[in-house]
Amino acid sequence: MTSINKKAQQRSVEIISNKKVGAYHHMVFAVGDMATFAKPGNFVAISVGGSNSSMILRRAFAIYRSSDRGQYGGTIELVVAPHGQGSKWLTGLNIHDHVDMVGPLGVNFGIPTEPVNALLVGGGYGSAPLFGLAEVLKERGCRVDMILGASVAGKIYAPLEGKRSVNSLTITTEDGSTGNKGKVTDVMPELIKKHNSEIIYSCGPMPMLAAVDNLAEQFGLMHQCAVEESMACGIGVCMTCVLPVKDDNGVIKMTRSCIDGPVMDGSRVVWNSNRQIPEGTWGAS
Amino acid sequence: MIDPSNFDMRVKFGHKYFDSPVFTASGCAGSGKELSQFFSLTELGAVVTKSIALKPRSGRPTPRMAETPSGMLNSIGLQGPGIDQFLEDDIPWLVANQARIIVSISGETVDDYASLARRLRVVPGLSGIEVNISCPNVENRGLVFACDPVASRDVIEAVRRNIGGELPIIAKLSPDVTDIVEIAGEVISAGADGLALINTLLGMVIDIDKQRPKLAGKTGGLSGPAIRPVAVRAIYQVHSKFKNVPILGMGGVTSGKDALEMIFAGASAVSVGTANFGNPTAAIKVKREIRELLMERGFNSISEAVGVAHNE
Amino acid sequence: MIDPSNFDMRVKFGHKYFDSPVFTASGCAGSGKELSQFFSLTELGAVVTKSIALKPRSGRPTPRMAETPSGMLNSIGLQGPGIDQFLEDDIPWLVANQARIIVSISGETVDDYASLARRLRVVPGLSGIEVNISCPNVENRGLVFACDPVASRDVIEAVRRNIGGELPIIAKLSPDVTDIVEIAGEVISAGADGLALINTLLGMVIDIDKQRPKLAGKTGGLSGPAIRPVAVRAIYQVHSKFKNVPILGMGGVTSGKDALEMIFAGASAVSVGTANFGNPTAAIKVKREIRELLMERGFNSISEAVGVAHNE
Amino acid sequence: MTSINKKAQQRSVEIISNKKVGAYHHMVFAVGDMATFAKPGNFVAISVGGSNSSMILRRAFAIYRSSDRGQYGGTIELVVAPHGQGSKWLTGLNIHDHVDMVGPLGVNFGIPTEPVNALLVGGGYGSAPLFGLAEVLKERGCRVDMILGASVAGKIYAPLEGKRSVNSLTITTEDGSTGNKGKVTDVMPELIKKHNSEIIYSCGPMPMLAAVDNLAEQFGLMHQCAVEESMACGIGVCMTCVLPVKDDNGVIKMTRSCIDGPVMDGSRVVWNSNRQIPEGTWGAS
């Protein structure tokens, strides 16, 4: 269903827009034909800090949207939270600055062959890849309902044009500053029932994905989630980004989220194994 | 200046020649396949595969990495499929894609290394064995082999006995020792044809929010440009003493300049490790720049440049 | 959160209390005077003076430094005026300016250290002795004292015997050893009241234009943020084993965050070295940030925070 | 005669001009009252590479000119050669960018109490501090002759306003692309005789200073030179910037060029000791 993107390129790309939106920066890059191969769920990896940087690792960002033609040729859009040194450097750049980008990387979201009712669940900037996904699902005739959650209103990323591509949008914040007070999983059961959801797509912090997967299991629904683990390389060569995932035979293996993910079948992931190798994992001592 | 195509990039370990002095470092190039979408592996001197053990290993839990100033810590814990599946899956693919292959092996006992060597002896298509002795010796309170001259010697002897005379043995040493020249001496007299210098330095990062070591495995291996001066020093010290033993230099090589430091200090070739993470085509860049920089300086071959920093 | 003025910044080595957990590292603060135009030295826990020898020393020829990624190499060679002139010039000035003083001493023989200790015993105004054992032992083929458990022990014993019971002895260890915990054990049992961790790592940079080592002394000591993960690891390992021996942590401390890593790993105080070069007021910044960060995390004193990363 | 500047400050200063002039960049910084204390021969030390820089050491630059009032308050001007990573980063900055500067540092040129005939000799960007010096000397009624040398024309830094402050300006280039073909020391003897020079001031690469000093000795003239050694700290705390210099008693000591220099009495410096401690140096083993 899902497959790894083998069309990764490395290139110097130009920033053509950088706008603050709530707690995030919406950034647009002119990427040439890198855009052609980008699918919802893919990500890019960007060098940060400039040529004298003490930060030697790339930062990964989910592709929010990509477009292969337009005023600037192919473009890729990202939603970046200015969090630590690397992302602050990136969001501090100006139009016409260049960055070194590798992409598109990773496994994209699988699209059902038949029209189905899809529920998309995003946390924080995790909403980013869901809007592009929503568009594709709509094109395939799916019903698309979306839930976005965050701690506070400013951390909900839900641009107008994005809202148009969904049938319904429900927002939750932990402090109630906008939408429903609470977590995405508080409203999920009701929405699943109301919209007769058949598949769940999710992207966001790992604890949220775990909770979403728990509900998906309860309702017996397919669940594709885009996980986020610390990545040193993003291209499958370092083995830092692993998480325990069951293979086709049910064997738990430490699986790379950059190349065998980030999109994974939620039911295969062994959640909450934080800082431990789950018992029975292949090769565990 | 000579024609670039006449510049002699060949290097030799044991009886084997390699067409390029730039290798990928063990554990930093996956199974080779992953990098091949960025360049042809035939551009490399050799792919040094991720250290393989006898049995499958899950490796350590996550977090497995932490970025540090001009470096990073990793604590992968030698995750891998074990020798059987490795020989079934990875080697045939590399052979089919005409990559030169150096297999890195790791063990928990001297016997493990011996068994691995026996398995590899009969495998066609290999160009060398890199022996990663920066592994805990379960028979000696988990003391890392590479930190103990006797254990280091035992491992290399066992590999030498079991691999036969064909394949060059490259012993990979740890910098976390009081006297790396002593360890080098032991493994050379035990039969190593070359030395890989250096493995990572033991380091730690504390997550000041969680108030715990950032890595699940607590300590990790420090790599990247931060450690380059330590690598250059180790190469220089060892080459001073053992001029005829080829050294595969590594530790923070990201550019041709970095590689030249190591070559002038005494390395015959370099491995690119952590730099692959920041730049998937780092090895190709390093190779191109080595040639350019050496030609600018009037050299006609890599071998002429090896160790020149020792001249009076 | 408590009132900042109630936050207890005091730390203790031996019988001496210090009002701040931030010291300057030996060799990185001149004689103290030079930094005093940027801030008052009374802000510091103590000034740790540049390691002083019995006799004047010219130090090594230049170049004495090379910048490296997130670090630097130095090869000063312990340049200094010798103990006589030091006691005549530097100490009175520091005393007059109310700085707390820890004198760092270095020697070429065990006797040198003993003589230095005897000289210092009678000097009023000192708060401690830091014993720099990362010096070549002329009586043992130039092998660095700190690399040899027996020599390390001998030096500290000699200092202990000659200094009397008053002044705390802080033994400064080198990370360039196979087992730093072993060396720590030796110097503690020889009478050290505290440990300074870590001295620089041995490194080298090659000047690729001159094709020679960049430093006139060939090798040099690597310091700065690049080595911080090695320092944190050393502190963590040693504190694990010797919970009651206070550690003065150093190696790449440039900010409160860096200091917190060391404190959580087990340091009771930190020394700021190379960071002074990039930022003359680095020590003050580190001190301010330590307090802020610890208060944000609910601590009321430094001592509560020491070693918390070891909790299960 | 000369004295160390004890008024050093550390502050974030704004770039108010950055212009390429030949091989150099002429850069102006708004430095507030740091300018008040700057004298010819002092230098500043600047952090390079930005907040995530892998370059941890400051770079030293001789003060070309300083002015304590004007449109921007106090200003300091530098002449920077884009040489390696640090200086390229600096010269690549834009107007309104800020840098962290420490200064003024070091020992300034000594000014004779009586009007004398002074010969100023600069190599490359070493001409920078000489123009400010020339102005001060002129104010004191001195005759000022200047020789500037470089390898090629583009590396001569001699702005118009600078030329006005000297009685004569002689230029030498090694390739003859402008002025006399040759080195500064080729023209020095003639000029010393012609203008009856009584004191020599110099600044430039160390081999040039050594050659100048050699001539100064031959002619029995005072020689104040601003030396340039690798500096890790610039403020006297690291002992990397030393060179062998005779003290008042004729004892050779390894002396810090940042705090006991950069301006030194040429006759005291032990030249050409490169990579060796001269015999007889205090504390040499």
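We just call them A, B, C and D in the order they show up, numbering each chain from 1.
Convention: contacts are C-beta pairs under 8 Å (C-beta built on N, C-alpha and C of every residue); 3 or more make two chains touch, one makes a residue touch a chain.
Bear in mind that the values here come from a model prediction, so they are computed numbers and not experimental data.
**Q** Over the chains that touch one another, what is the least number of steps taking chain A to chain C?
**A** Steps on the shortest route: 1.
**Q** Among the chains here, which has the CA centroid at the largest distance from chain B's centroid?
**A** It is D whose centre lies farthest from that of chain B.
**Q** Determine the centre-to-centre distance between chain A and chain B, using the mean Cα coordinates as centres, and give it in whole Å.
**A** Centre separation, chain A to chain B: 35 Å.
**Q** Take the average of all CA coordinates in chain A, do the same for chain D, and state the distance between these two points in whole angstrom.
**A** 56
**Q** Can you work out the whole-Å distance between the CA centroids of chain B and chain D?
**A** 47
**Q** Of all residues in chain D, which are in touch with two or more distinct other chains?
**A** Residues 54-55 of chain D touch two or more partner chains.
**Q** Please set out, as single numbers or ranges, the residues of chain B touching at least two other chains.
**A** Within chain B, the residues that touch at least two other chains are 69-71, 224-225.
**Q** Thinking of each chain as a vertex joined to the chains it touches, would you call that graph a line, ring, star, complete, or other?
**A** complete
**Q** Help me check something: in the complex, which residues belonging to chain D touch chain A?
**A** By the definition above, chain D touches chain A via 48-55, 85, 89.
**Q** Show me the residue ranges of chain B that touch chain C in the complex, using the header's touch definition.
**A** Against chain C, the touching part of chain B is residues 66, 68-71, 73, 147, 176-179, 201-206, 208, 211-213, 218-220, 222, 224-230, 232-233, 236, 252, 257, 260-262, 264-265, 293, 297, 308-309, 311.
**Q** Over in the complex, which chain B residues touch chain A? Could you list them?
**A** The touching residues are 27-30, 34-35, 37-38, 50, 55-65, 67, 69-72, 74, 76, 79-82, 216, 224-225, 274-281.
**Q** Over in the complex, which chain B residues touch chain D? Could you list them?
**A** 69-70, 225
**Q** Under the stated contact criterion, what part of chain D meets chain C in this complex?
**A** The contact residues of chain D facing chain C are 6, 8, 10, 47, 54-58, 100, 102, 229-230, 232-243, 253-254, 259, 273-277, 281-285.
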